[in-house]
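Given below, in the form of C-alpha cells, are the structures.
Here come two complexes built around subunit A, the first alongside subunit B, the second alongside subunit C.
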Partner chain A sequence: MLTASLYLLILAASAAAVLVMAARHWRARDEQLVDQINALLPQTQCAQCTYPGCRPYAEAIAKGEADINQCPPGGEAGIRQLAALLDVAAKPLNTSHGEHKPLLLAVIDEQRCIGCTLCIQACPVDAIVGAAKHMHTVIADECTGCELCLPPCPVDCIDLVPALPDGQTAPPDYLKLTAEARQLQRELAA
Partner chain B sequence: MSSVPASRTHAPGEFLHNFHGGLKLRHYKRMSCLHPVTRPPMPEHLSLALKQHVGDRSIALVKPGQQVLKGEVLARPASGFGALLHAPTSGRIAAIDEQPVISRQHPVDTCITLIPDDRDEWHSDCQRMIPDWRQMSGEELLKRIADAGIVGLGGAVFPTHRKLKGHWAQPIKTLILNGAECEPYISCDEMLMREHPEQILLGAQIVARTLGTVEHIVIALEDQMGEVEDDFKRAQRIVDDPRIAICRVRKIYPEGGERQLIKVLTGLEVPSGGYPQQLGIVCLNVGTAWSVKRALVDRVPLIERYVTVTGAVQEPRNWLTLLGTPVRHLIEASGGLQPQVNRLVMGGPVMGMAISDDAISVTKGFNCLLALRPEQLRDPTHSMPCINCSECVRVCPARLMPQLLYHSIRTGDIRQTSELALFDCIECGCCDLVCPSHIPLTEYFRLGKSQLRSSLREQQRASKSEQRHQARNQRLEAQQALRAERRAARQQAAADQQQAQQTIAAALARVRGKQARGSAPQADDSEESGA
Partner chain C sequence: METALLILVGTVLANNFVLARFLGLCPFLGVSTKLDSALGMSLATCFVLTLSSVCSYLIYQYVLLPLDIAYLSTLSFILVIAALVQLTELALRHFNPLLHRSLGIFLPLITSNCAVLGVALLNVREQHNLFESALFGFGAAIGFGLVLLAFAALRERLETADIPSALQGAPIALITAGLMAMGFMGFSGLANL
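Moving on to the complex of A and B:
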C-alpha cells in the first residue's frame, strides 16, 4: 500500500516536472516564433495591418489572431516568406489594408511648414527633427515611408517621393558593396 | 577553413597541392607571343577613366584646357581608399566628360581626354632623385607605392598600398608573385616575365622590404612556361636572394585565381569572406611587382602596362600600352581585325567582358583585347532546363553547388542563396563551360549577388527602424510614467493641503465651540482659549 502510493507520488511528481519543463520550452518557442515573424516584416511601423507596429502584428500572427496577408509594405514577397515560415498556404495581399508600393521617403516642404510638431509626434521611428514654430525636416536615412505623418499635418506640406530617384545616386562600387554586404551578413547572423 | 598542418613542414611552393574542380582549357597563347613587345604609335588622344581602381570615386585635379606633363597627377580618390591617376604623356586636357567605359554597372563614366603634344616631357616630380629603396623604411616605400598609383594588374585593380598595409594576426611571411596566367589567349604576363625577369624579382624584393617580415618569395609559373623559368633562373643568379623560389604549377583553369593559387602552393585555404593576409600570405600579380620596381627605381608612376591584342586580329601580339589608349588604336596597330569579327572582349574568353564600343580605352586593369568571330560565341538563346547533372558541382573551384544556387535564384529564394554562400563565387565561369544545358550560370550568380546585396541592405534598414521604434516606445512610456508620477505627487500635495486645512478648520471649530459654551461664567476659560 505504502510502496504503491509512493510510486504514484513519484510518477505524479515526474509528470509534473515534465509538464512544467514542456510549458517553459513551448513558451520560449513562441517568443522565438514572434522574433522570426518579426524579422520577416519590413519594420515600417506603419500600422496599416491595424496593429500599432510590426512587433504587435508579429505577436498577433503567432497567436493566430491575425492573417499573414495584412502587411502592404511587405507585399507578396513578404507573404510568401511568412507562409514558408509558418508552413501555411500563401494568399494574395488583403488590399483593404492598402496597396503594395515601392519604398517611399517623406519630404517636408520647408517653405510651407509652420512648425506645429504634430508630425514629429506621429513619426514612429523619430525620423523628423524640429521644434515648435521652427522648420521641421526628415532624416532621409531613417524614414520608413510609413505615411503616418501625412494625416496630422495641418498645412499639408509633406510629400512622399520614391526613396531612390533614378539616376540621382551614382551606382556604388561592386567589390566594395560585396564587402559591405558580407559585413552586414556577419552582423545580422551574430 | 582547414589549416593543413602537414603543409607546415614544406616551404610554400615546395610541394604542390590540388584545388577542387577546375578545367583543362586549350591555350591559344603562342600566337600572341611571336613578336617582341614594343610601344604602339602615340594615339591622337588618350581617354582616361577617373575610376580605374577598387575604392572610392576619384576627383579630377585638372581643368579642360590645362597643359599637363608626363607623370603629373590628374585625379586622386575622394577619400583615402583608391589610387592616383597620372598623365601618361605630356599634352593638353581637351575635355572632362562622360564617355563609355568597361564596367558591369554603368556604361558611361567620367573620363579625362588628353591630347598628346608629342614632346613626352616629364613632370619634375618624376625626375627628382630619390634615395635607394634599400635605405627606405617600409612606411616610406608604402607611401611611394601609393604615390605611383599602383593597383593590382591581374584584373582586380585593388590598390596595392592598401593590400600591403594593415596589421594582421600573423606576420606576412610569404609573398606569392602570380605569373600563372590561366585564362586562354592572355599572354601579357608571360611576355613581361620573358622580357623583364630581374625587374620583377627586384619589384618582389621591394615589396618584401615593405612588408618587412617576408621569408619566402614564390614565383608561380604555368607548366608550359619552360622558357620563362629559364629566364627567371638566370635572373635569380643576378639578384641572388635565398628567399626566392620559382615554381611551376599545373595548368588547370582557374589556378591563377588568388585563392586557388594559394591552395596549390601552400595547401592552405583562405577562409570564406577572409583575406590571404590572415594566413600570412600576400599574393601579387607579376605586373604589379614590375610596376613597383618601376616606381621605386625608375621613378615612373603607373602610366603604362602590357596589353595582349589577340584572337581574330591580323597580327596578334603584346603591346606596352599607355593608359587611355583607345582600343581602336590598338587594333589598327595590330594590323586591323580579320573579317567577320563581331565581338570584342576585354580579358579572356571565359571571364572577359564584352566591349560595346571600340572608342573605349585601356585602363589599369585591361590585360587583354580579344576579337572573336561568330562561331566562337555561344548563342545565349540556346539554354535549356537544368537536368541536375551536377557537372557544375564537380568543376566549381569554390566548392559551391551551382545548380542549387541557380534554382534558388530562379525561385527568388534569397535567404537560400545566402546560405549556399553565393558571395564565395569567384565568377570563373567553369560551371558555364561544362553545363550541358548551356545555362549562363555565372550571369545568374551576378544577378543573385546584386539581389542578395539589396536584400541584406533592406534587412539592415528594417532592423534599424525597429530599434528606433523600440527606442521611441520606451521614451514615450518613460514620459508617461514621469507624467503619472508628477500627477500623483500633485494629487498627494493637494490632499495633504486639504488635510491640513481640515485640521485647522476643525481646531478653529473646537475653539469656537468652547468659546460659545463658556461665554458667560468664568474668566479662566476665556484666558485658556486665548492661549
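Moving on to the complex of A and C:
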C-alpha cells in the first residue's frame, strides 16, 4: 500500500517536472521573441523580405534564418529598433529587397477597372472591395501601400499616390499603429 | 526476424487496431474529414504510440514488477501516455507551429485514443520484450495511419458524391467505415498472434 502510493506520487511528480521543464525550455523564449519582433515590423505584409508576410519574417529572424535589414517599408528606423531588441549592430537596408519609400496609398481608376478580381486576390490585407465584373475600390484606411496589387492588374488601372500631404512624412510606427487599430476594431466587432 | 514480421503484418493488416480490434475509433472518425490533418494525426500518433509502448514496457518491467505492484499498470500507463502526449504537443508547437495549428484540438485527443493504452496493455499480456513492444506500437500506429488516411481520402471523395440527403455526413462515414472493416476481415488469418 505504502509502496504503491509512493510509486504513484514519484511517477506523477517526475512526469510533471519533465513537462514543466520542456514548456519553459521550448516556449518561453521563442514565442515571446517572435511577438516582440513582429511588433516592430510595419505590418505592410508586402513580402519584399521574401517571406509571405511580417509574422513569417519575424519567425525567420527569431530562428536566425533572416537578417534584420530586409524590410524596406520599415526603413532605417525599423532596423535600428530591431538591432536594439536583438542586441546586434544596426546595418544599412539591403536594397536588393527594395528602397524605403514614403507611405503610399493604392487608388483604383474606376473608369478603367474591368472588375477582374485579380487585385482582390493579391491584396494581403483585404483592403480592396468589389465583385466579378463590378468596379473595385480601395479602402484607404486598410491599404498599406505594399504595391502587390499592381502586377496582377491587366489594365493598369491602379496608381499609388502619397498617402500623406506633401512634405509630411509618416512617423516610423505609423503603419504599425494603423495595424493595431485595425486589430482592435476587429476584436471590438467580434 | 520472423516474429518481427509477424508482429508488423499482424498489427498493420490482420489485427488492425481500428478495423479489427475497434480501438481508436474517436480520432478515426473525428480527424478523417481532411487528408492533411489525417496525415498530421497519423504522424503524431505514430510518434506517441512507439514512444509510449517503449516507456510503458520499461516502467512495467523495471518498476512495477520488482515492486510487486503490477496491478497499477493501467493507471501508470495512462499517466505516462498523458505526459508523452503533452510533451509531443509542446515539441510540435516549437518545431512546427503550422501543423500544431491545423491539428488544434485533436492533439490532446491522443491521450484518450484507447489504441495507445490498448497497445501498452496488450504488450504486457502478450509478454513482448522491449524490441517487440516497440515494433508492436509502431505497427499499430502504421495500421492506424493507413486506415485513417484511406478513410480520409474516401471521405474527401464522398464530399462531392451524390448521396441521399438522409445519409449525408456521419451516416455515410459510418457505413464506409463498416465496409472498410469488412474488407480488412479478408486479412484475418494472415498472421495469428
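Keep this in mind: the second predicted complex is superposed on the first by the 141 of 190 C-alpha atoms of A that agree within 3 Å, B and C clash if a C-alpha of one lies under 4 Å from a C-alpha of the other, contacts with A are read in each partner's own complex, and residues count from 1 in each chain.
The rule is simple: contacts are C-beta pairs under 8 Å (C-beta built on N, C-alpha and C of every residue); 3 or more make two chains touch, one makes a residue touch a chain.
Everything numeric in this text was worked out from a predicted model, so none of it was measured.
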item: Which of subunit B and subunit C A:T144 touches, first, second, both or neither; value: first
item: Which superposed partner A:V125 touches (first subunit B, second subunit C, both, neither); value: first
item: First, second, both or neither for A:A15, with subunit B first and subunit C second; value: second
item: Touching partner for A:T50 - first (subunit B), second (subunit C), both, neither; value: neither
item: Subunit B versus subunit C as contact partner of A:Y7, first or second or both or neither; value: second
item: Touching partner for A:W26 - first (subunit B), second (subunit C), both, neither; value: second
item: Which partner, subunit B or subunit C, touches more subunit A residues; value: B
item: Contacts of A:T95 with subunit B and subunit C, given as first, second, both or neither; value: neither
item: Subunit B/subunit C common contact set on subunit A; value: none
item: For the subunit A and subunit B complex, residues of the former touching the latter; value: 38-39, 41-45, 53-55, 77, 81, 124-127, 142, 144, 170-171, 173-178, 180-182, 184-188
item: Interface residues, subunit A side, partner subunit C - complex; value: 3-4, 7-8, 11-12, 15-16, 18-19, 22-23, 26-27, 30, 59
item: Partner subunit A, residues of subunit B touching it in the complex; value: 54-57, 104-106, 156, 158, 273, 412, 415, 418, 423, 449, 452-453, 456-466, 468-469, 471-473
item: Subunit A-touching residues of subunit C, taken from the complex the two chains share; value: 59, 63, 67-69, 72, 75-76, 79-80, 82-83, 86-87, 90-91, 93-94, 97
